[in-house]
Structures are given as C-alpha cells and as structure tokens.
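Step one of this worksheet: look at the structure below.
The chains carry the letters A, B, C and D, assigned in the order they are written, with residues numbered from 1 in each.
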Amino acid sequence: MTTIESFTTSELMVVAGARELRDGELAFVGLGIPQIAAALAQRTHAPRLVVLNEIGVADPHPIEFGVGNADPRHWYGARSMGSFSDVMGRLLHRGLVDVGFLGALEVDVHGNGNATQVARDDGGIRRFGGGGGANDIASLARSTILIVRHERRKLVQRLTHLTNPGFLDGPLGRARAGLRAGGPRRVLTDKCVFSIDEATCRLIVRSIHPGVDRDELRAATGFAIDVPGDVAVTEPPSSDELRLIREVIDPQRRYTKGV
Amino acid sequence: MSPLTTLADAARLVRDGDTVALSGFSITRNATALAHELVRREARGLTISACILGLEADLLVGAGCAERLIYGGGSLDRFGQLGRVNDAIERGRVTVQHMSSLAVTFRYLAGSLGVPYLPIRSLLGSDLLPPLVAAGVAREGRDPFTDEPIVLLRALQPDVAVVHAQMADADGNARVLGPRWDNDEATGAATRVIVIVEDIVSSDEIASQPELTLVPSFRVSALVHLPFGAHPTAVYRRYDYDAEHLALYADASRSQRNFDEYVARFVRGTDHASYLAAVGGAAKLATLTADPRLGY
Amino acid sequence: MTTIESFTTSELMVVAGARELRDGELAFVGLGIPQIAAALAQRTHAPRLVVLNEIGVADPHPIEFGVGNADPRHWYGARSMGSFSDVMGRLLHRGLVDVGFLGALEVDVHGNGNATQVARDDGGIRRFGGGGGANDIASLARSTILIVRHERRKLVQRLTHLTNPGFLDGPLGRARAGLRAGGPRRVLTDKCVFSIDEATCRLIVRSIHPGVDRDELRAATGFAIDVPGDVAVTEPPSSDELRLIREVIDPQRRYTKGV
Amino acid sequence: MSPLTTLADAARLVRDGDTVALSGFSITRNATALAHELVRREARGLTISACILGLEADLLVGAGCAERLIYGGGSLDRFGQLGRVNDAIERGRVTVQHMSSLAVTFRYLAGSLGVPYLPIRSLLGSDLLPPLVAAGVAREGRDPFTDEPIVLLRALQPDVAVVHAQMADADGNARVLGPRWDNDEATGAATRVIVIVEDIVSSDEIASQPELTLVPSFRVSALVHLPFGAHPTAVYRRYDYDAEHLALYADASRSQRNFDEYVARFVRGTDHASYLAAVGGAAKLATLTADPRLGY
C-alpha cells in the first residue's frame, strides 16, 4: 500500500496540500493544485470537507475539471447556488470559513501575499487579474494555506503590493489592523512546506521535498530562512494517493503532470 | 408596455459618462452583445464595475469606451488575462478603484438597499485600502457599539446594470439559473436595468416559479431577446463557453494592434447575426449546446 | 354611465381611495378598503399600478381576497416572490415606492400615526399588533394615504404613541429628523377626505362625504379643523365603479358591505 | 452524518435563555410543532424574534417560555390579535424591543453578513427609537460620507433559527417555496439552524434546482420530517391555513384561562400525531390540501 513509486512535484504538492485540509472544514480552494488537493482530501480523510466557490456555489462535486471558478464544470452537483454575498458574506464574512487555499504572485516572510501587480524591469508595473475575493479570504478566513512557486522573485523580502494580509508585520499585526485572528497555517512550494513560528509569525521550513538541497532552498528564497539540520523530508505520496490522483481525480493529467 | 426592444435601443440607455454594472464573471454570462453594440456606438467615458471582470470589460476598455474601473479581479480564467484591462492600468489610461470582490458586492448591496454605506472587515491592513480612502469611497472607522476598527464602504448605485439571463417573460421578469454572483445587488442598486435573454417564456412559466425571478418587470428598462448574446462566454444550462474563440480572443487581447484587428473583424460593421456567422455560425453554436444533465 | 345609485360608505371610501392612486405607481396597500381601492384603480385608470406585499411578493393579481398579507390568496399571480428585504429594502428603502395606503389606530393633525398601543380608561395600555412595516413605509415611501375611522379618539390632538411619522411637528419636521421627503398626501375617513395644507402641513378638509354634516364632522374630530363654506362633497361612485366593486372585485362583499 | 432527527432532539438545541428566531409570518409557515414541543418541555427565558410574530410566538409567550420579544408586528391576521403576546406586554411580563419589521430584518441581515451594524433610515422621528437606543441596540449617528442623520442598528445573531420549509433532502438542504420574509437573514445570522419539513426529497431533486435552496446542509443542526408541522398555519403549495382552528385559537388567546385550557387540550401530553388527531385528523387535513394551480 505504501510502495514508493515515482511521482511528479505537482503530485507531491497535491498530497501535501490534501493533508493540511481537515474533515468538516469549509474551504475556498484555488484552481489547479489546491482544487485537486481538496478532491483528494474528500476521497481520503476528509469526506465532509465542503468546497466553496465565490461565484455563489457551495459544496459542488465536479466530475471533471474546468478552467476556473466561472466554469460550470466546477459547479456540478452543488445543492445550493446563490450569490457572491451568500458565500463571501453569509459564510466568509460571517466568520464560518475555516481555510482558504490560495495562490499568490509574491509571498513575504510573514505570509502576506500579493495578487495584483509586480514591478517590471523597466520600472513600470505588470498588472495581473487582481485577487477578486482573495483579500476577503485572507482577511476573514480562520486560516489560509498559500501556494507559490519557489523562486527568489516570488518569496520576497518586500512585496510590490500587499493585497492579501498574512500576519502583516508580526504577531500583533492582524489585531492592530483590526483583522480577525487568521493568517497562513502553511505555505506550500515546489521545494518545501513552510509552517509558521508562533512566537515570531515568520515562515519556517517544516519539511523539504525529496531531492531538494538545502543550499538550493536558501538560494531560491528571497528572505532569510533557517533550515534545521534535522528538518524532515516531505512525506511522499502513497500509491493509493497516486492512484486516486491519476485514475479518479485528474485522469487527463491537467494539473498534476508537470514539474 | 413591454420593455422588449432592440439591442440598439437598449444600448442607448447607456449614456457617455455613465457608471455601468456589467453582467459577467470572467468567462460566464457576459453581456457580450451589449458590449459589442457600445463599441460600435463608440461609447465614451464609462465607468464599469463588477466583482470579477470578464471579456465584456476587456472589450469596452480595449475599444476606449471605459475610463474608470471599479472591480475586485478579472481574467479569462485559464484562457488568459484581460490584456486590454491590464495594459490600460499599466499605462495609466484608466483610473481604478481596485478593492476586494466582496467590497464591490457590499457597495452594490448598500446601493440596492438605499443605505448610504456598509461596514466591512476586509481591506484592513492591506495596500488596497489607502487609495480607496483617498478616492472617497472608503473610510476607516470604528464600530460604535464595540469600538472595533472597521472599514466603511460607500454605497454604489450604477446608472445602468446589465444582466444576461437565461429567460424572461415579455414584461421583463427575468430568471437566472445557476449562481448569480453580484447580479442581485447590481440590478437592485442600479437606476436603469437592461436585461438580455436567451429565451422569452410565458408569464405563466415565470409565475409557476416566482422564487427564481432575479429582477421584477417594473425594474427593467429594456429587455432584449438575443440568443447566444453571451457568446463566447458560457450560459449555464444553455451553452458552454466557446473555448476556441476565447483562446482567439485571449491572444488578440495581448496587444492593442491584435485587439484592433479583432474588433475590426468581429465587432465593427457587424450585427449580432453576422457576428455569430463569423464565429462559426449554427454549426459551431450547435457544438456548444449544454447537456441538460450537466448544465454545460 | 354616471347614474347615482345607492352605495355604502365603504364603497365611497374605496372609490375615493382608488382615485388617489396613479398609474404606474409602486404601492403598499393595507388589508380591506385600501386593497379593494387598488384593485379598482387597476381596473380603471391605473392598470399598471404595482401592489407590493412586505412578506416578499411583488405585483400579485389575486382572484379572491384572503385574511391578510400572510394569506397565499394575496400572492396569487405574482411573478416575483422573495424576501422581506427584497420588497422593504430593495424597493422601499431604496426609495422606489411611491405610496403606502395604510390604516392606523390614531392619527394627529400633522398626519402622524400610531399603530401600536392606546391608553385604557384604567390608566394602562391596550396593545395591538404593532405596525410591522408601517413605520418603514411612513418613513420611506414618497407619500402615504392614511385611512382611519372618523372618531374623536382616533383623530386626536396628541398620539398615545407616534409610530408612523407623518410631518412630525410641521413643515420642517421630517427634514429635521433626517427623514426623506414624504408624508401623507391624503387622509381618508368615513366622513371626509383630508388633504394637507402645504404651508402648515396640517390636515385640511378637502371634501365631505355626501350626507355628512359639518358640525358632526367637527364634533367627531379630536383636533381643530376648518371646514370652508364652499367645501366640496366627495364625488360619489359611478355605476361602473360600483359594478366593478360588487361583481368583479369583492363579489362576496367582505369589505364593502358595511357602514 | 444526516442531521435528520426527532422533534424532541431538535427541541433540545433550544436552551433556556436562548434567542430564537422564529419561522412564521402571522398565519403562515409557523413552526407550530416546535413551539408545542418547547411548551411541553417548559422552556424558559427565551428571547423570541421575528419581523412579524404569529401563532408560534403567542404559544411560547402564553405558556411562559419567552421573556423578551424582538419584533416589528404580529397578529393572526383577520382571525384576531396575538392575545397572549399583547397581554404579556400590557402587564409588563415580557420586555420588548419593538421596532419596524425592516429594522428586525436589517439586524438579522447584519448578523448574517457578520457586519457589526447596519444603517437604516426608518425609526427616525418616531417614539420607537428612544427605547431602542436605551436598550443599546440602536444609535443615532451620521453618515460619515454626507453627514446626514441615520440610525445604526446593531447586528442580531440568534442562538437558534427555526424554519418550517416545504422540503429538504436528508442532508438538510432546505427549499422554501413562495415568499421567504426574514427566513434568509434569520437562518444566515443564527448559530444553530433547525429545519422542519413537510417532505424529504432526493438530493438529486434538490440539485436539479439548487437556486431554490434556502439554507445549505452544512448550516443545518437538526432536520425534522413532520408533515403538517405548521398546522394550523398555511404552507404555500402544500396546505391552507385551518380557518376553523385558527378561530378557535384566536378565541382561546383572549384570556389566560382559555389559553391554558387550549394548551391542556392540544399541547401538553400530546405528540404531533395526537395533536393532528385532536384537530380533526386525516379527514380535516385532507380539506386543507393546496390546489396545485393556486398554491393554497
């Protein structure tokens, strides 16, 4: 059952993400790896994990993956469809959402994120789609899991634009700003899993993905990180998990082939 | 007394300088046909608003119809970015009130209820808030009951809201199937409402499930019957998005030159029928028809 | 067509009320005479008069009368059913409702109303159902039409409890309180029709019902009223109006038989 | 995992001292069966809230279960007044937060959205406002954007909301047909939600029209399947109100003595089945069945 097979980094990230989702939670999950992770969690330890879609859909059970929140493939099987304010107001702003599993363009050491724009080399800005409900989720969910590619220009000392509050400037940051308790519980990259140091609210390396070198990790991170000598290796996917991902959840390998 | 009219007449309800709440959410239920008509009419100076902008917004920005955006986010989902929107922001050609999508919805909600503002707990501590305070649409305040910090968002009452719906009766009682994102609040807040529908159904049909009516007839200024009026975006339980055309559009949207060619080919000098012919006609549209069990 | 037949006071009030409702208006109408008046207006000069029911129903076309807002008979034919907040928030509080046609336990000279409680002879209070949405309608509609039985204890110098603002203490009353423009445009009783003096915002007699004596009118009114010598007589129902009321709208004579 | 349970178990979710948002609007969709059960259990110290109180509220007040009311109005429509409610207010046996019905709804709405308060333009200038300010649930304020006077209403989050609905699936996804008055906002605001339904339907049926779902399963703490659980009040598209029994109740409600006799006869020592038998049984209930064309 736990024979180690070869797996892609995406599959490892899916599995690492799935393990962070708990049964019975209400969760926002972004497109791609977060969504596959939620589907895997629902088929393993968290059958009652409820996925929310800001467009106004609660608890869908898609039978195929689409291109985004607005794709009706992602609404299939929902027994409640309503408004943005039903999901983002009556659930999220009401304080009932446990976790948001979100991507970002940039993340800093306190888990703050940027979903809007980055600096160009020519001094201008490069604008992206904007976070939509990401600021709301980062502000209002009881916790977040962030997912970001592990590059120096993405794990940065200073964000170009702080759109999604993590812990702001540290342990008192959220309270001082008037934000509810919350903030990231994990940050997931293609090289490691970060958790949060409770005393400093800084990202600390919780586990390194198999085959990733510590120096490589430090070099790819835009802020100073401590990598303890006894740091764990991220637990690889089980063959059951791989089978579910490859045969049931993403048989077309849309999101789990790469990296 | 029916508000049923032509697309051209409906588009005349949008006046230069108006604030227009758009219909769609990235690639679904966009009021594409109305955006085309506004591009043809060379509408100018519009402020456009949506919790999530879609193709319709990119068309209006790329064609120079819009000069201000009130929004939370926007994209063509995996087909790509809203190239013309992002480019206009990068070049400072449009001013933006960029906030969270819930903030947009709360501003509409306040407008729909006729309350002057609504408190929100988003935006706090982020770089999104200061420009909104500077623009006069948000204030940092305190809850007078508990003295906790809170953001106050000013109500937004657009001049026009447009919604592309699955159906309405001839009086304009419009029914939306599937999620409604900000359509409830936007139509409730707006001064004038334009409804574009796939099907006109009997009033008895609407009355048989009056719970599904998004906007009642007496709030509708214009109703347009225009099948495939949301193409290339999806209409739940009617048709899927046109992946081929969205990819083509996403590519065109990367540069102003390609966008202008797209507009010359598909928008200017066309009407809705010739647009549909140009994108593949009945044969293509038939391939998009939704499976009734799936809704797409 | 205008042959004068005998008619009841209720029928006269229905007709007087109907004439005050304009085509295309959005209107709240109370149970009984206001509702019959709206139905008559819709069948004569105001086919596009839209009736709203605070329970969450817009533009019903009942084919029989029931016992109140909560009776599904009053919802029949509506093509929109939703929430209290859809009707009372998105239409009324939004500022889109033209007129509320309301009853009251007491009305004062400035058209303020009481829908909650009156004094008992023993010094206690007698509590009634409360206004429900009546305060909202009186506060927020562009105008109101009040209907009240013409007795000294109902048209009073001083209300036991001011629940429904009319003009408060006079022309500046609403603005000073922060209320929108609004207030009564007519007060309808079983003895006369009042309009509002624009300069003083006090009730003035607009017409006396046929057969009502001026002294009787003064004696039955708890505040001082001026009854000009040339005051009009309320125009009686036409035979067409009577036929519509008796044969089409209220054939069971539930609300139009009495008085 | 289904929240489906018995009436007795559901009633245990209501604890003495709780604030309970009721289901009905005068004579329609009252949670009569739950009120009966709370009377049988001798619930005490409840605060009950509704935009318009109905028979269920009168039962709870008459039986001494409630000590505080948050409401806009209430009656049995033309059948009569809520005798026990009005009597308790007259005698000072209950405290009241009497406001406009929209004010109750806005307090629920604020609670459902998790915003601390909502501004409203009602109540200004009336005698309703000062006691609400004194009770700490309203404040006179000013719109910070325009400096206009406005009333700020504090959010209300009831401990429990109960709703009698036409149907739900076994997971608790509940569908309400017809108008919903304050049910959306009350269930959204409450900590725990009790749903009582006429029919249990398949999840496929609910999923076929997910737009009609009032409250999603994961917000439902208890689901009770209890046909005619709203009797003698009406359930749109299921059954009409029982005019005979409402007249009998209205009469009983005029005095405490008559009310106590009513409760002894119809409530205490009964269960839902024996209550239905006592009011006329299957023969009587058959006469109430709604005409599908009319809904009543």
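Going forward, a residue touches a chain if its C-beta (ideal position, glycine included) is under 8 Å from a C-beta of that chain, and two chains touch if they have at least 3 such contacts.
On a predicted model such as this, the values are computed, not experimentally measured, just so you know.
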Partner chains that chain A and chain D have in common: B
Rounded to the nearest Å, the gap between Cα centres of chain B and chain D is 37
I'd like the Å distance between the centres of chain A and chain B, where a centre is the mean of that chain's Cα atoms. 29
Distance between chain centroids, defined by C-alpha means - chain A, chain C (Å): 59
By the touch rule stated above, which residues of chain D touch at least two different other chains? 114-115, 120-121, 148, 150, 178, 180, 210-211
Residue numbers in chain C touching 2 or more other chains? 81-82, 85, 89, 93, 140
Contact pairs between chains, per stated definition: A-B, A-D, B-C, B-D, C-D
Chain D-facing residues of chain C, complex: 31, 53-57, 66-73, 75-76, 81-85, 88-89, 92-93, 115-117, 124-136, 139-140, 161-165, 168, 173-174, 176-180
Interface residues, chain D side, partner chain C - complex: 24-28, 51-52, 54, 71-75, 77-79, 81-82, 85-87, 89-90, 98-103, 105-106, 109, 120-128, 148-150, 178-185, 234, 236, 240-241, 290, 294-296
Within their complex, state which residues of chain D touch chain A. 1, 112-115, 169, 171, 173, 188-189, 203, 206-207, 210-211, 213, 216-219
Which chain A residues qualify as touching chain D in the complex? 26, 48, 50, 57-59, 77-82, 85, 89-90, 93-96, 140
Flag every residue of chain B that touches chain D in the complex, lowest number first. 114-121, 136, 139, 141, 143-146, 148, 150, 152, 154, 176-178, 180, 209, 211-212
